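First chain A sits with chain B, and in the next complex the same chain sits with chain C.
Presenting the complex of A and B:
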């Protein structure tokens, strides 16, 4: 318990530091605060204009799509706060940034993730929250106890799935010794398989993103349960719990990969 | 001229050094292309046409739009911003050739590189997934090509003028990002403007963005008759000249007060 408290206080401190360093350049911060939401606005406008013309997209109407989009952007925003570090971890590894973490009496992965919480992520989280609230209102989402519980599980699970993939692939640098610029690729994949219904793709593609690279569980499957939509897998109840379970399992695997890589890694000199 | 060809060649060689980046970028673009293509296929569903455009025409529109944007890579933007920030603008300026012609020559190098490492592979992927994106007719294809070149000119001049802001403001990251998303939306690169509400469409036709993507693409899929196409090319040319005049004026003012920080 005492240990837990200690870890939390370190995380809080680092969050404050990151906030302060952001505020050092308020103009840049405000710039990103304006520019980051725009990409989601553009994506959202696409759905609005086009789907209003055709009425549905793979059996989803505009309100339901807004709900799905909101959930997806919100998990993206959360993952930006907690896991941005992993997007550039290749650089940190080859520049030997992780060495000093080894010397401190604390879990390395915790230091790595919490040591630099990304306050900038708020510029992604705000549009996520706005779109999420908009989506919930437009489908008249009922905040009953069970719905709320499912939603929380889905959001945590979705954020963890995103983080796990970034962390696992970022950790490959421990072995390859060269940074992999692949986070943009995965972000794009996550967005394409969750901001729009997966059921609009050919069945082979749906299969891949359901079972082989289970990325669609981030928002698509929980949302389709809430909206009562047919998809490749239709369960009457519990999609959100699968999302959470999957998030925890994938994240645990990613942590193992990180530790294994970190264990055998012999710094980069300099 | 020889100097510019040399610059373009150097640029291609530099890009060759970052081939892996180019491949990852290409894969991402293919992914985006496939996703947008399937989006249109799903959204059309049973519908025959919308605004006189069929689902297949829309997929052609998307594929060609993606191919165009891979050639529309505007290196000039980051180039100016980086050169001002790092101070290397000073050495660029003392070269015995015009500064912006130098950057233009570099972008020609970029086009040639991208043609082989982006556009052609993407084209192959597109043909495999969606079939050959056929133009409306041979005539439309040649008109499209002319329109594409004018569109490139408009895009380049606009980006270069925009990047001149780097001479006064220093961190342009967010500004470029805003510009990128706006141009993407307002030029019809992602969705054609005929899906937009009437008022917005009318407003956008008064801006140069539609002449970067929307109009060349509309020509390609045969939304206009050849005679109408010539009219569109005329408007594009007028925009290009207008933007060039603004650019000439702006670059004179901007370069006069270069402030190189450190070295």
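Presenting the complex of A and C:
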């Protein structure tokens, strides 16, 4: 308990300091604040255009698609705050930047993630939140106890799934000794598999993103349950819990990979 | 009980042998040749509480690798390390709690934070009680003069200022062991002086055990009672500086300027060079005293000027390295 309090107090101070250091770069902050929302507006406009052409997309109308997109972008925003560090971890590993974490008497993964939260992620989170609220309002999402609980589970789970994939693949640099600049690819993949209904893709593709690379659980499956849609997997209840469970399991595996990798850590030069 | 014990320490890195050019790079994709590089081969020593030990050796000798293993950053390939009786491989957190580490080449401070904020975060991380923190800060302020830089973001500090910050940061949690890896590298005379004063002071007032890696022989001369010299991953010398000088270069050189060219010999002194009116004698300290030699020579010819040279620490180290330095 004392240990937990200690970790929380370090995390809280790190977060405050990360906020402060972001303010050291006001121009960059404003730049992101303008450019990031544009990216999502374009995504949103694409959905609108597609639906106007085809009326519905695999049985999803515009309002439902907006809801799906809102959930997806919100988990993206959260993952940017907590896991941006993992996008560039290959570079850190190669350049021996993790030395510092070995020198402090705390868990290395905790230091790696909590020690450097990306407050700039707020520029992704704000548009995510706006889209999410817009989506919820347009489908008239009911905030009953059960719905709220499911939604929270889905959002946490979705964020963890994203983080787990980035962390697991970022950790490969511990072995390969060459950074894998693959986070952009995964972000795109997460986006594609959760922006449109997965059910519009061929069955083989659906299978891959459900079971092999379970990326569609981030937003698509929970959203289809909320919207009462049929898909490759249809359950009467509980998709959100699967998302949360999957997020926890994948993240636990990613942590194991990170720890095992850190055992191989070779620092850099003198 | 020694504070630090290192037994038969070894560290090998696996690296892929890269071939030259594009052709080699393509070939490397299919068949890569693994090469094992031994950075530290077989190193043993033990250090008592309160010692300042100079850990020296040419570039690539394995100094930083040893320091990184002792501080738990790297895992040894084989061998044993005990710091305060605890192995950093088995219980890293317990070891680093009482350890301060400074790398001259790389700051441990947080780039975007003000120096004072870095300290605050470290205070939180090491869970330093308020009174201890205050006491340490006031002491560091006094020795390292931090007041003027405490509100500056670390990225804006000069190298000397940053090093002062790094040293203070390493001392916040009152460690009883301090590893300093080239703390004076690239610093000007004043900054070097401040850092040496800092090392002396904390060693005297707190009995902090210090291992100092450096290429600056001034650091060694001023600070280290004991030096460990390593080369190619093994210890080649371990002892006090005086002892080492006596053993490697137990001679002195007497330079005499006469008014005319002279050839005076003495059974206990060897003439090293004789150019014009200047003659250089080399003699063993325990065979003849400088005074006796001067008296003897002075009785034979008129002396204009004399001076005495001792083997410089540079020479000693160079001889100890065996002239093999890899850059």
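The rule we apply is simple: the second predicted complex is superposed on the first by the 268 of 270 C-alpha atoms of A that agree within 3 Å, B and C clash if a C-alpha of one lies under 4 Å from a C-alpha of the other, contacts with A are read in each partner's own complex, and residues count from 1 in each chain.
The rule is simple: a contact is a pair of C-beta atoms (placed from the backbone, for glycine too) under 8 Å apart; a residue touches a chain by one contact, two chains touch by 3 or more.
As the structure is a computational prediction, the values presented were derived from the model and not from experiment.
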Just to be sure I read the superposition right, which of the two partners does A:204 touch: chain B = first, chain C = second, or both, or neither?
neither
First (chain B), second (chain C), both or neither: which does A:13 touch?
second
Given the touch rule stated above, what does A:265 touch, chain B (first), chain C (second), both, or neither?
second
With both complexes superposed on chain A, which partner does A:1 reach: first (chain B), second (chain C), both or neither?
neither
Counting residues of chain A in contact, which comes out ahead: chain B or chain C?
B
Who does A:196 touch here: chain B (first), chain C (second), both, or neither?
first
Is A:100 contacted by the first partner chain B, the second partner chain C, both or neither?
second
Just checking: does A:212 make contact with chain B only, chain C only, both, or neither of them? Give me first, second, both or neither.
neither
Complex contact set, residues of chain B against chain A:
21, 24, 27-28, 31-32, 35, 38-39, 41-45, 47, 50, 171, 173-175, 177-178, 181-182, 184-185, 190-191, 195-197
Sort out for me which residues of chain A touch chain C in the complex.
6, 9-10, 13-14, 17, 20-21, 24, 96, 99-100, 102-106, 263, 265-267, 269-270
Across the complex, what residues on chain A touch chain B?
25, 27-28, 31-32, 34-36, 38-39, 42, 45-46, 49-51, 53-54, 56-58, 181-182, 184-185, 188-189, 192, 196-197, 200-202, 205
Residue ranges of chain C in contact with chain A within the complex:
13, 59, 63-64, 68, 71-75, 92-94, 96-97, 99, 101, 103, 105-106, 108, 110, 112-113, 117, 120-121, 124-127, 153, 181-182
